[in-house]
Amino acid sequence: MFKWLEKNLPKVVLAPAVGLISWFVYGFILWTLYISFTNSKILPKYELWGFGQYTKLWASRKWLIAVDNLLIFTALFLIFCIVIGIILAIFLDQKIRAEGVLRTIYLYPMALSFIVTGTAWKWILNPTLGLQKLFIDMGFENFTFDWLVNREMAIYTIVIAGVWQSAGFIMALFLAGLRSIEDEIVKAAKIDGANLFTVYWKILIPMMRPVFFTSFVVLVHISIKSYDLIVALTQGGPGISTTMPALYMTQTAFHKSQVGLSAASAMMMFMAVAAVIIPYLYSELRRENVS
Amino acid sequence: MKKILIALIVFALAPNFSLAGPKIEVLHWWTSGGEAAALKVLKDDFAANGGEWMDMPVTGGGGDAANVTLKARIVSGDPPSASQIKGPTIQEYDQEGVVAPYNIDAVAQAEGWDNLLDPMIAAVHKCQNNSGPYCAAPVNIHRIDWLWANKSVFDSNGISVPTTWDELNAAAEKLKAAGIIPFAHGGQAWQDATVFEAVALGIGGNNYYKNCYVKLDENCLRSDTTVKVFDQMRKLQSYTDEGSPGRDWNVATGMVIEGKAGFQIMGDWAKGEFTAAGKTPGVDYYCASTPSNNGYLYNVDSFIFYKTNDPDKQAGQKLLAKLMMGKNFQKVFNLYKGSIPARLDVPMDEFDSCAKTSNADIKTAGAKGGLVPSFAHGMAQGNTMKAALQDVITEHFNSSMSSKDAANALADSVLANM
Amino acid sequence: MSANISATSYKQLEQKSKLKNMLLRWFLYFVLILFASYFIFPLYVMIVTSLKTMPEIRQGNLITWPSQLNFKPWAVAWGGRGYGAGDTFLRPYFWNSIKMVVPAVVASTFIGAMTGYVLTKWRFKGDSWIFLFLLFGCFIPFQAILLPMARTLGVLGISNSILGLVVVHTVYGIPFTTLFFRNYYVSIPNELIKAARIDGAGFFKIFFKILLPISAPIIVVTVIWQFTQIWNDFLFGSTFSFGEAAPIQVALNNMVLSSTSVKEYNVDMASAIIAGFPTLIVYVLAGKYFIRGLTSGAVKG
Amino acid sequence: MITLKVQDLSKNFGSTEVLKKINLEIEEGNFLVLLGPSGCGKSTLLNIIAGLETIDEGTVFIDDYNVSEVEPKDRNIAMVFQSYALYPSMNVKENMVFGLKQSKTSKEKIEEQLKKVSSFLHVDELLNRKPSQLSGGQRQRVAIGRALVREPRIFLFDEPLSNLDAKLRVEMRREIKKLHQTLKTTVVYVTHDQTEAMSLGTNIAIMNHGVIQQYDTPENIYNKPNNTFVADFIGSPSMNLINGQLAKEANNVSFIPEGSNQSGKVSLNNYNFVKSPQESGNDIYFGIRPEHIHYKKTNDTDFEVNLRADLKEYVGHEQIITFNYYSQEILGKFPSTVKIETGQEMKLFFDLSQISVFDKKTNKRI
């Protein structure tokens, strides 16, 4: 017995984490899967009902809008966070005066929840209260910035606020990545006559692969879960134009008494996430094991 | 390290001590201003009767956040003693078996609630398809179809309170020409729906409203009348300002109070904002019903009482139900809240003119068949159908969707969720 | 690359590069400050608003400095108005949050460190799959699992308790803490472990005496991350706790999102800043160590 | 022609002085080795020559032009790093031509250079591999190749061999030597390894605490160390520095080992003093390398002494013996074929033509 324990101690230590995640993640996914096949309304019911919720889901305009929005949001959110993050990290890496202050400024939004900053953002983006009014008051009479209340553009304001919250963290990741690179590489490039742009673009950024990986994981996770952001800024409006899956899921389950339908939407989310994330995670892990 | 960990766990596990006696845990979202003050009256009453009140406020989204908490509590097998639930949703919870055995029915029978409430209102609070024992208690009756207007704005533009939708449109055009935002509106789904149901009742009439939004008749929903209702919605939308989408309702009310905007269509809780700003009805502002043929959209706030095996909590439920329907609470609470008492025998002399109008109108409406439940506030339909209607209404209001398409979309959405 | 560059051309090169460097630096600072203003703007608006009186907020625009500093909103947000009903203020909830955050951060960090340790230093067949299995937990939208979670907590008898929240936050912290520690420990040479084993140290001794003492950088990163996530959580807090036991974010929400009241934006903003204060302080004070910790391995894939 | 000149160069990092008034000159085609223990400032000096570090005081000239403020890429130099600093995301070919591409060299020229250098260094087969797929020696070749293709005026090497294993190190050392012989390009080479320095350099600058201790040919460094630091640093085992006093009687100058009571007097009459000593009784070090202590007489001037062998270290072709010399430990180095028993006295001969004498106070050669 003791011998067995000694031999398997690492696995035994791993067991609580694996056990907890098995139940709290995978167990719950299975539960959700089951519920998605029932006709649960206001509360979960356990009689099987079939694939009805899925047909209903994909017939729902709101869900289709939510999926579209998620794709738009995730793509823009990823691109902007990473681009801004990289730019800020590179610039901060140039022996900047007051680096500490600037870094803190870029990083602090990560510390605040959107319940806190949502109101401020709502003001800033609102045409009759915020930036637009500010510029008009300053004499720029034709200045318009009404994305928040524009059905077509509102999703982009969510990107603006989302990027605001997360780009600093990506900056931190890249800055850390840059700092952990041997400076001999930079010296070699300098002697080779590469200018700053070339040094970063051709040499350092290609070396940041692991950072891209971490950023991807962090950002996709934020984007899939983005709920507070939407509730604080638009509550899915104007109309239903900024609905996102997490909001849809919450609303259908809790405010619209369609627990079954919500479970179906959750399953679609899980599957989409799995389809995107697992191959990526897997290929990255394999690369790592090979090298 | 380990010792700290253990200490922390023990610390987190430390139980909350409490004494025996009537006990109640109430889930609600009345946390501010008048509502909270009103609720305090109830809490104090409850304490005076030896009870222990465990407050459980969760605000946000007009009860949306509270809904999450409620369901989590029910699923966890430990529902609160009472929560703010109203209309057909009461029946839905009953059908899930979380309300029986109707602990408060005995109180209702002893107090004679059947005689104290309008039969229609009473039925809402009876479980087993509105005809069984009481399982919920009403606290008030809100009227939804109110028009709130800034008197000085109306006066200085030569506008009197409109009695038809055409008059209202004309007034709005006048204000627009004068450079004032005619219609103060918050573009959130529930607010869009609030306006919509007032328009539907006014333009379509009482029977149209009942057919379409109570009975959910498909032909009615696809009818030309619905198209006309959507046309009027489109007009109203053109009277809003560009900052409207996403705006909170009370911000919109503030615009009327400050004279930035002409009028707002909102339930009678808007009065609280006027009162808080020190304004008097008839002097500073108008409160009038939106144009309709003796219509009255009602919305009753009530508390549902869940199944519990704890005798202390059962005692608490009974005590709370009794106090909630008490004459004093019904009066004080509604003075604060802007609504009128659900209980019929509460004297109205302390209420203001708006509440008095409401109290008189509800009787006329009842007699003339215009007393209809609000669907936007979950009185006519359960949450699923409410959402199905709301989604189409808000999408139409915030896009360039044609009225005809909207009417069909409305019918389709209803059918899809039948 | 000719070998004979004349003196004048060296001189020209020198001046050209000096000018170029100067322009580049100006551009650098310009961009950095531009972004800094984008990042600081909302906080500035919040602070300014929290110091204004309500009439001033209604009349002015959002960036003007208050004509007179008004600290009353801060007092109200923290300590209330002094009358009974509907007087939600933050002071009592602060402690609730601490009671929830501290054990959850400690527990999730500890578990993450252990799993990270096993996954890198006691490798076995399929350990990559286990890691993948744990990591996928990052991507669960929490709204989707509230109901089964409620049931689980109910069965365990810890729904509506701080302990329940501690458990929830610990569990959903594990994927992230594991990710951090695993990536850190990967960069620590295996020889260290081998040496310790030859010296007779066992599984736990190696962890506690060898690895943990050199884990400070990654512990800082993990603690900051977890502290922020848990402190800022509203969803679990509002779902699995209530009333006087609620964490500060729920109280803040109750203050800011009250359904019917005259909005006191200055108090709202002051409360928002107060509720965000601990995390803000953590970032300001520990930000340096955060970057250092990340540098020391958290970002290595 | 002087290819590189460093004049009065100083450099501080914060309050620590890393380089103090360094002066150096190197003739075209020479191989300069900067040798010293870690932290002596040799790498900083190299970086300053490369233009990778700024100068606090002083000037750097390349071909008589002041390049102190010139960008590294315009200094006409190439550098090989300790970690090789190959760009991990590029393959060997891309790594090697990167610099040429930056200077907008024509495609034909690039191809030509690449071909020449890669065949010269035998890396033609590796051109499409990534650095991570190369062995240490291969990486080293590529790093050198990257420097070679640019045909610079000066090659800078920053401890290029220290990441290699012993065998490979010797091999690569020889290759670098060959390379220098073939190309005749000026080289500045930083190392902490004296064997490397001795075998490669035409000139060696020994540095310590930011100061050049001696700048000379390898032979002079070995035979005539300027001070005790150099004497001690060069040679393995290091030079024996025996405590004692200087004695002068009439025209005879001699060394009296500490604790010998005049009896062990060693004549210094044949020693080439920097400046003839004037007085007696000064504390001095008598320096003699272990390899200059013989087991049989080779010179008439050899000093004969009987000493007890305390310790024997066998290292293959030779053995290192520790002797007790008036209670001071001194080492001698002998072929392994000589039979020596520990604990026994044996007759030894100090080769007085090879000694160094240092003042104990200043540590300088006298």
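Chains here go by letter, A, B, C and D, matching the order in which they are written, and residues are numbered from 1 within each.
The working rule: contacts are C-beta pairs under 8 Å (C-beta built on N, C-alpha and C of every residue); 3 or more make two chains touch, one makes a residue touch a chain.
Being a predicted model, the structure only gives us computed values, none of them experimental.
Colleague: Where the centre of all protein Cα atoms falls, which chain's Cα centre is nearest to that point?
Modeller: C
Colleague: Report which interface contains more C-beta contacts, comparing A-B against A-C.
Modeller: Contact tally favours A-C.
Colleague: Averaging only over C-alpha atoms, locate the centres of chain C and chain D and give their separation in whole Å.
Modeller: Chain centres of chain C and chain D, defined by C-alpha means, are spaced 53 Å apart.
Colleague: Just the number, please: Cα centre separation of chain A and chain B in whole Å.
Modeller: Roughly 36 Å separates the two chain centres.
Colleague: Rounded to the nearest whole Å, what is the centre-to-centre distance of chain A and chain C, using the mean of the C-alpha atoms as each centre?
Modeller: 15
Colleague: Could you grab the centroid distance between chain B and chain D? Build each centroid from C-alpha atoms only and quote it in angstrom.
Modeller: The separation of the two C-alpha centroids amounts to 90 Å.
Colleague: In chain A, which residues are in touch with two or more of the other chains?
Modeller: Within chain A, residues 44, 129, 250, 253 contact more than one other chain.
Colleague: By the touch rule stated above, which residues of chain D touch at least two different other chains?
Modeller: 71, 74, 103, 150
Colleague: Where in chain B do residues touch two or more of the other chains?
Modeller: Only 61, 68, 71, 75 qualify.
Colleague: In the complex formed with chain A, which residues of chain C make contact?
Modeller: Those in contact with chain A are residues 24-25, 28-29, 31-32, 35-36, 38-43, 45-46, 49, 61-63, 111-112, 114-115, 117-119, 122, 124, 128, 130-149, 152, 170-172, 174-175, 178-179, 183, 186, 203, 228, 231-235, 249, 252-253, 256, 265, 268-269, 272-273, 275-276, 279-280, 282-284, 287-288, 290-301.
Colleague: In the complex formed with chain A, which residues of chain B make contact?
Modeller: Listed in rising order, the residues are 61, 64, 67-68, 71, 74-75, 89, 92-93, 96, 98, 187-189, 241-247, 382-384, 386-387, 391, 394-399, 416-417.
Colleague: Give every residue of chain A touching chain D within the complex, in rising order.
Modeller: It is residues 182, 184-185, 187-195, 198, 202-203, 206-207, 291 of chain A that touch chain D.
Colleague: If we count contacts the way the header does, which residues on chain B are in touch with chain C in the complex?
Modeller: For this pair, the touching residues of chain B are 4-5, 8-9, 11-13, 16, 25, 27, 29-40, 54-63, 65, 68-69, 71-73, 75-78, 80, 248, 250-251, 254, 258, 269, 272-273, 276-277.
Colleague: What does chain C use to touch chain B in their complex?
Modeller: For this pair, the touching residues of chain C are 58, 84-88, 99-100, 102-103, 106-107, 110, 146-151, 153-155, 159-163, 166, 235, 238-240, 242-245, 250, 253-255, 257-263.
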